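Heads up: the structure comes next, in structure tokens.
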Amino acid sequence: MSNEYTSAEMMTVTAAKALENGMTCFVGIGLPSEAANLARLTHAPDVVLIYESGTLQTKPEVLPLSIGDGELCESALTTVSVPEMFRYWLQGGKVDVGFLGTAQIDRYCNLNTTLIGDYQSPKVRLPGGGGAPEIATSAGEVFITLKHSKRTFVNDVDFITTLGFGRDGKARDGVPNIGRGPTRVITDLCVMKPDPETKELVVVSLHPGVTRDDVIEATGWEIRFAEQLETTPTPDARELEVLRDLKARTERKHAGEA
Amino acid sequence: MSNEYTSAEMMTVTAAKALENGMTCFVGIGLPSEAANLARLTHAPDVVLIYESGTLQTKPEVLPLSIGDGELCESALTTVSVPEMFRYWLQGGKVDVGFLGTAQIDRYCNLNTTLIGDYQSPKVRLPGGGGAPEIATSAGEVFITLKHSKRTFVNDVDFITTLGFGRDGKARDGVPNIGRGPTRVITDLCVMKPDPETKELVVVSLHPGVTRDDVIEATGWEIRFAEQLETTPTPDARELEVLRDLKARTERKHAGEA
Amino acid sequence: MAEFLSLHDAVARYVEDGATVAMEGFTHLIPFAAGHEIIRQGKRDLTLIRMTPDLVYDQLIGAGCAKKLIFSWGGNPGVGSLHRLRDAVEKGWPHKVEIFEHSHAAMACAFEAGAAGLPLAVLRGYVGSELPSVNDQIKYIECPFTGERLAAVPSVRPDVSLVHAQKADRKGNVLVEGIIGVQKEAILAAGKSIVTVEEVVDDLEAGPNACVIPGWAIDAIAVAEKGAYPSYAHGYYPRDNRFYKEWDAIARDRDAFQTWLDDNVYNAGGQA
Amino acid sequence: MAEFLSLHDAVARYVEDGATVAMEGFTHLIPFAAGHEIIRQGKRDLTLIRMTPDLVYDQLIGAGCAKKLIFSWGGNPGVGSLHRLRDAVEKGWPHKVEIFEHSHAAMACAFEAGAAGLPLAVLRGYVGSELPSVNDQIKYIECPFTGERLAAVPSVRPDVSLVHAQKADRKGNVLVEGIIGVQKEAILAAGKSIVTVEEVVDDLEAGPNACVIPGWAIDAIAVAEKGAYPSYAHGYYPRDNRFYKEWDAIARDRDAFQTWLDDNVYNAGGQA
């Protein structure tokens, strides 16, 4: 197996590495789910994955298409009702990290999954908040992963579905019983973290082969870079193998062949 | 089998007859439990018995000593958590009748199971409210059964643990989402019902062989009698047989012989 | 006490034009057969409640049954948009649908509160979100013990709820197993409830703490084999993920959708 | 992440003098072994929370461990009084115990709210009862949607909760089966939690929706065979109803109680 990889694979592997073994992770569908399961199948076998469908500590063989595929329940330690999931497990403070995707993000990590345009007559109606608004505030911290582009990294989100740090970076200040919020954003180009003071996103690591200009061009605001800018470690052979196997298994299953 | 019976048996059989087939009944321990199970084993096979331990639609072979004996769970349709029992099933309005006992009762059916004397330095400390305060207000109606004596039928309860109709008979008036409250009280001497207007308890039926004076002497206030005073039907042979079998089975089991 | 009815008769009896209707099943056990029956009977002006509208409400909205939608995530899971929902919201086709939008946490708590007979649900929610600015059904209370401000939403109390479950016994007691979502809450919170089941059995064979809903808490039970297809019924058949993907193309186009509806709902008798 | 400890070490590590302690189990699975260990270790000034104090708290109170009691029904079920509780409340022996008294509905909701991370529980409760006049922990909120006045009580959030369960697997995941009471809520609401179990097994063999508490939500697990005796463990041993009746005579008399405590707790090692 060669060590060549796509930028999408780079993103997933990097996102997976953010999860530490033993963490409890409330997993969003799509990219976060892919990354979280890769983590579980590689360096973090005891990471605890929780999906909003009520499946606690699940270990799916293939990636779920929906947040509630049968696979999630069959491989879970137990499955609770959805009210219990949100009340006891999320709001109850049992989740270390929420792992989210988004349609739009701004410099303060506010997420928009509601709509493009005006609320009353939207240009594009998106699915909505789902679990994200409370995952973002009740989880200990939040990881975000999405593809980097001017369409997604915007100067102002059209709507704050889910709080990062607010329009001014201060929206968590003084709020009781709230998590730390987003602590890293992983894209196909780089890794970003909020500035400890201002909470504005700062690029801390560029993926191999990616330039500052690549990131600048794909970001809808004047993006800042850390003084000590690092290079993201490349995926190793095993990570790529496990990821590709997982995706192949998943594709076969969802096409109805497995 | 002879048709002779004790006054305790008369009370239980009469209390049992109050339950109609198909009713859902939230059952208090002790006399109510005995009556409710007798009803289930005689004229009301489809009466649904619910205990606060979370056992839904239970059909115990022997009477439980506690509200949560294993027998209740093993013979239940399903067993839910105690929060669910009180939230979904009682407060959610699924209970037709609450069946309660008490230590003290007054003319407006207020119940005291908290203490005799003063709250801060009680003469006798009783067990407390348990499920009764909300059973009495959330169930569609309430049946009460207890032995008749001046010690239990008092002019003023020392403490209103559980609402009947308040100290003035008007405490349910205008309260939203509240049940009808007590609709009958069954003792070893008679059956009483609240006056439709004033809510004061009125004797509507005397058990065979019981005189008005018997009731007057056992009641701590000037008890009223209905104009059309009836005689309570006597237990029939089958009712007595089933009740005695049930109690004998229960005694053997609780003595550890079964 | 649950009455065994045909799905046609259950829907005809309990789902009225203008009613508030919850059809639940979180990805699992989505009551598609019941939804199709509502479409076939031409019900109108419904207020539809569902955490995840999914394809079933895409179909009801596209068929013109809905006036309002109360929801928290309106997508085709893992695939993309609900195009019929979008067409209604963005273009008003077949007519405008008013939306009341929540988060999952709030909707889940609102179902819980509805089952619990309360008028409101209280949660630590919506902090920093702009959803409260577009949904006047989100308010606040202050905790009398700590002073903390907490979100409040009205409880969900539908006129009628419809859910699908694996099986009922002959007394009408129902077992829901696997991902149980808010099915129990939907039934207990509703004025009337209809449960479709894969089969009727002598014995539910349920564990002591399984999710069993007593027959006396249900109004109607209708047998609907594969009644959750293309979603799934744990222990019976898997989710047809392929159909969920195919739906994207069907629903994108008004004509394709109409044709699909004709073929699979209107002209499919009670078996769609 | 649950650590397997001896009951002695678990109690020594997590139960501090002055702590707020919940020991739950609604009639079923009452953690008697854990209670006896607390007595043996001479813990003092505990605030004890339990819906139904039962014999276990009668013993703790009689042994002088308790400063406060938060409860909703304090009797010997089906038998009569808890005489040690009464002696403390009525006569101040071995010392006065302050009581905060609720209804079951309020306590159950308070455990639920504690597990849910909320500061308060809201219920339709205490209407017409005089309990609010003697318990200042009962307050009210107004529903912002309907104007209805509803009762509010502080959520239960103990420093440490102790419960007994049937079994744990080797990762520390715990199965509670049968009458599950508020055990899950007690654990999730607590700062620290100790679960005693009848046995440790390879596989819990639990149904998909059984009451399973993950090991990472528990601090310590200790094996305590017959740890719920004289209450019961569904599937293991029945309730010793005879002992509950005998307790009445033991607890009525201070000397008889002391003797019982010496024989069955203080001088019974870790096996009482």
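Quick notes
Think of it as A, B, C and D in the order they're written, each chain with its own count starting at 1.
By our rule, a residue touches a chain if its C-beta (ideal position, glycine included) is under 8 Å from a C-beta of that chain, and two chains touch if they have at least 3 such contacts.
The chain list, named the UniProt way, goes like this: A, B = CoA-transferase subunit beta; C, D = CoA transferase subunit A.
Predicted model, so just to flag it, every value in this text is computed and none were measured.
Least step count on the touch graph, chain C (CoA transferase subunit A) to chain D (CoA transferase subunit A): 1. Between the chain pairs B-C and A-C, more C-beta pairs are in contact across A-C. For the pair chain B (CoA-transferase subunit beta) and chain C (CoA transferase subunit A), the distance between C-alpha centroids works out to 40 Å.
Centres computed as Cα averages put chain A (CoA-transferase subunit beta) at a distance of 57 Å from chain B (CoA-transferase subunit beta).
Taking each chain's centre as the mean of its C-alpha atoms, chain B (CoA-transferase subunit beta) lies 28 Å from chain D (CoA transferase subunit A). Shared interface positions of chain C (CoA transferase subunit A), defined as residues touching 2 or more other chains, are 112, 117-118, 123-124, 146, 148, 178, 180, 184-185, 206, 208-211, 234. Each of the following residues of chain A (CoA-transferase subunit beta) touches two or more other chains: 73-74, 79-80, 87, 91, 138, 177.
Under the contact rule defined at the top, the touching pairs of chains are A-C, A-D, B-C, B-D, C-D. Residues 22, 24, 48, 56-57, 73-74, 76-80, 87-88, 91-94, 138, 177 of chain B (CoA-transferase subunit beta) are the ones that touch chain C (CoA transferase subunit A) when the two sit in their complex.
Chain D (CoA transferase subunit A) meets chain C (CoA transferase subunit A) in the complex at residues 117-120, 122-124, 137, 139-146, 148, 150, 152, 154, 177-178, 180, 206-211, 234. Every residue of chain D (CoA transferase subunit A) that touches chain A (CoA-transferase subunit beta) in the complex is listed here, in rising order: 1, 112, 115-118, 173, 184-185, 188-189, 206, 208-212, 214, 216-217.
On the side of chain D (CoA transferase subunit A), the complex with chain B (CoA-transferase subunit beta) involves touching residues 26-28, 51-52, 71-75, 77-79, 81-82, 85-86, 89-90, 101-105, 108-109, 111-112, 123-131, 134, 148, 178-182, 184-185, 211, 232, 234, 238-242, 244-245. Contacts from chain B (CoA-transferase subunit beta) toward chain D (CoA transferase subunit A) in the complex involve residues 29-30, 52-55, 64-70, 72-74, 79-83, 85-87, 90-91, 110, 114, 119, 121-134, 137-138, 159-163, 166, 171-172, 175-178, 253-256.
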